[in-house]
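Some structures are shown below for you to check.
Each of the two complexes below includes chain A, the first together with chain B, the second together with chain C.
Our next item is the complex of A and B:
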């Protein structure tokens, strides 16, 4: 596939029509005019801010009369990161959160996609319903589940009462707070995995399934020996990318628990927000931002190599 | 045939349970917006719907919700125009203007990394920069931030749609002496309109939903809907029914889009992630 892309690109580059009748200089001008805005935005609003963060991360900023005073502190902020209890709790919780939520989303999303691919009537309707959580604001999802998990009147405790159990303080007790946030995230992002898996299942070659039926494979054997092996690349890619994206979680935690009780739902985004904005530690917050950006880039490289590995196997 | 239909009944049952899990919390929250605080606490299944929560949220003197709604529409609309416009030009440029491969690769790799970075990590830098150039607490700052946040996705989507336009059409237009703006406007644009619609809808929704950056870059006058809803949860005594009513109002764009443009959304969401 990559060689096909390559040849089409070299063809486009070398095509006489691209340079023949239209003037070379006007062509070069339009080339920059079309790409320039996007390039300018990415440089001015992503590269520059990160450079700003890197510089600030070596400084201490104090405000007096609306004027910042910057003093150089070298690597002290980075050293402090290692002994920051909140940051290490945040990293640890984010890791647990990411794995728990993504595994849940993958399993449920795959099951739903598999079932949806087996039916004809109603597929569009189910798909419309399942997409809904992706489109709802994260903060509204937080509000919805703040109501659902409310101790006094939430549906979750109504459900417990129905089967004769005592009500439980889902968000208020350290044992279930992170689990609750994971459940909410599963509710939020399972639809995304579902959509990707459904698209993947719909694009599988049908003749393989017919052949396996001819050979007398039951539905379970078909899943184990035909569907799953064919879906492995999609599964690995979805898993890797959802895992990295789970580091973005902020809205639901902000609204549901604000990191508490204690540090039980402290996640990196939220720690960063607290250090930078609530405590107004710009220098230290910048160091934390840089560390998180570096970590995400690192994870992404791992994820991309996982994709390459998965692609080779497919 | 009937046997096959019978074997599908458990599948339909399981899917219906899944759909209920998705719909129940949403429907129950919307219903809570129509309840009195007492009715919500009692948890009666049957209740007489009331409008007072919505009236309170929308028209009470102490509530800024209408202003927040207007702000969200302004920020969402303008950032979408900016983002999708820039992304369409860039997608066209990268696919058709013979850029060296390393330029394309480095640029797309960077958009990917940027897309994965938690927005809070950049919000702090945007906040400092906005303060530096006097854009704090303005729409311009937030519009630029939202357009940038959604730019990677918009570029990937538009790249898919531009790639689908046959090169022959462009070459024929060049033979007829058309220049680049003419090709973009009269050849490419008419063919990518459905893709443009899908990308615009998603970009608007994601801007509408964005919270972390809006929280850091706005104040009372420029706050968007998610920022307003977060305030409810911060109050010492949470007004649950009003929170539910404002949550219901905040979901309106999502519901409208889902009813009217499901096809576009599915196309957008899967194209962007698969390719």
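Our next item is the complex of A and C:
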């Protein structure tokens, strides 16, 4: 390179345009340097395990001489999902469970939040009492409700006896087992909805309520035409959160019924546990995992789209 | 807050003196027994017989000075830990306590080292039960046969036995039921709910729950799951006439002389019914015997008697093996493998097994059953057990047993719960089992569906 060329380049580099380019590229470099570790962490902890799961879902793993052998089986595991009766029963029950439990939690949680927001004295005490179930570990909840619903000495049957009714096998009867688990889940997770709704109610603009009162709205009209419309975004977010969590239910079913009697409380997480862990079918279990991840993601997308729609209307 | 750490001068001098003495005379502060082999770790489940195993291990440690660490887990957790350990580059557990539902998985996967490969001089005590030859494995034939290598030593020869209320039988002038007809008649006689149930069955769905409870009925009536596993014929025979008869009987017993929550009753609940005096009969692994006469746990102390599970006329009793075997991991260092062999060599002896019996366990050495202890009232279960053990059936001889068990657990539980008929349950389970077996390239087939 000639000296003349070098000096012209040096001048160009010193110009404001060149300074901007250098500044931008160093900024870009800085962005990548700071973003890089987080990206690498996400790739290592999230993308890679899921990619590994997807790859395994196309394989069969067998063991001989202490060593694994992976055999490529293509889409066979995904095809088998459609004829897996346990998986279909689990899917159907999970949907019933998720919608049943979440609707119950939303209605109760909203009612409790509404009551709590109107209380002037002792609000903190009520709040503390209402959120108690959410603080109890799942295993303790299993023990509490297993005792409550025990056929021979459970409180539920003692209650029935008091009003002259015969005892009922709540967890062992196909007619009531799923309902019983739903009730336990409602008891466990209603406080979650309550907390979110209470936060939402407390952040609503008070002038709208004052205006509605001036317009002569009664408590029911206020709820229907002011509170509920304003709470729609909170309701949708709470619903989405709970729906996704309810779809992943495992501990309550495992502890109370192990999916039984028959398949009446079979849920997809429990089927996955059976297939992947108990039966040690890593390939098929991975395919089931991918299918469940897809379904949960789908639920989330639908719920968030509903929120965006509600936001746009608001 | 400030705190100062003061070391008293006298203590320092004592410690220095002790250290000096230890350095000068290293032999002077040895423990009473010096360990002769490396410490080992055993992975085991929390079963009713665990306490007896723990006490036997303590006796071994006291006698030899060798160290054994126990890693205790729930049933399913134990299997998961074993799988993780044996599939690692180096295993965490030296001895695996394997259940009848998964020991073939460990053998066939190459995770367990033959004991005679570690120590060619090792011999199984002639009096130790080989329990359907499940302690051997022939890798070429891929099955458990005596011509295979010695892979394990039995730890608990569990089979289900009939527990019945001896006091009620005595009052009614009855003798222990030998046939299913006797059992049904007696269960109906004592059935007076909610105070007393004729029989309480383990009909819940679990890792190996209702299926294990059903085996004595199925095999005792001449049925089975496969045609001839020993000969490699895995044709499914579950939905035979005998299979249907067995399932119909099991369900009838539950409905007409059993507990209303049979479909949700697991082992703990069945035991609870017996221990609280609300059951006239239960079919339960013999390991629970010690709880029956424990006044801290039982309301029926000295009232229980034992008998081999009943069978159809002309057929022998046929309890399903639910035993536990101890195998040595392949992926552990040689010194630990040898230490594990030493433990098993000691464990199988008559003396050690006598300790096990006294601690509430079930001896694996037949010689113990001929000792005076078997005549004692406390050990009245020993004779019926010794009578039933030779007829015990090894239900699964292939490594994919857990898949078949999962099918049985769902199908049987659905039938017991009344979700489907016994015919639909048997036909459905047979189809699924045949699919599993053909998927694993076994010679299989199935019977025509029941109508």
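Operating definition for what follows: the second predicted complex is superposed on the first by the 273 of 314 C-alpha atoms of A that agree within 3 Å, B and C clash if a C-alpha of one lies under 4 Å from a C-alpha of the other, contacts with A are read in each partner's own complex, and residues count from 1 in each chain.
The rule is short, and it goes like this: a residue touches a chain if its C-beta (ideal position, glycine included) is under 8 Å from a C-beta of that chain, and two chains touch if they have at least 3 such contacts.
Nothing here was measured: the structure is a model prediction, and the numbers come from that model.
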| item | value |
| --- | --- |
| Which of chain B and chain C A:174 touches, first, second, both or neither | second |
| First, second, both or neither for A:260, with chain B first and chain C second | second |
| Which superposed partner A:48 touches (first chain B, second chain C, both, neither) | first |
| Partner with the higher number of touched chain A residues, chain C or chain B | B |
| Partner chain(s) touched by A:152 [first = chain B, second = chain C, both, neither] | both |
| Which superposed partner A:277 touches (first chain B, second chain C, both, neither) | both |
| First (chain B), second (chain C), both or neither touched by A:140 | first |
| Shared contact residues on chain A - chain B and chain C | 152, 277 |
| Chain A-touching residues of chain B, taken from the complex the two chains share | 8, 11-12, 14-15, 18-19, 21-26, 28-29, 32, 40-43, 85-87, 89-90, 92-94, 96-99, 101, 107, 110-114, 116-129, 144-145, 147-148, 151, 155, 167, 171, 174-175, 177, 179-181, 184, 205, 208-209, 211-212, 215-216, 225-226, 229-230, 232-233, 238, 240, 243-244, 246-247, 250-251, 254-255, 257-258, 262, 265-266, 269-270, 273-274 |
| Parts of chain A lying in touch with chain B, wherever the complex brings them together | 9, 12-13, 15, 17-18, 20-22, 26-27, 30-31, 33-35, 37-39, 41-42, 45-46, 48-50, 52-53, 56, 108, 111-112, 115-116, 118-119, 122, 124, 126-140, 142-148, 150, 152-153, 155, 158, 187, 191-192, 195-196, 199-200, 241, 244-245, 247-248, 250-251, 254-255, 268-270, 272-273, 276-277, 282, 285-286, 289, 292-293, 296-297, 299-300 |
| Contact footprint of chain A on chain C as seen in their complex | 76, 79-80, 83, 86-87, 105, 108-111, 194, 204-207, 259-265, 278, 330-331, 402-403, 406, 410, 413-414, 416-420, 428 |
| Residue ranges of chain A touching chain C (in the complex, touch as defined) | 63-68, 85-86, 151-152, 167, 169, 171-174, 177, 257-264, 274, 277-281 |
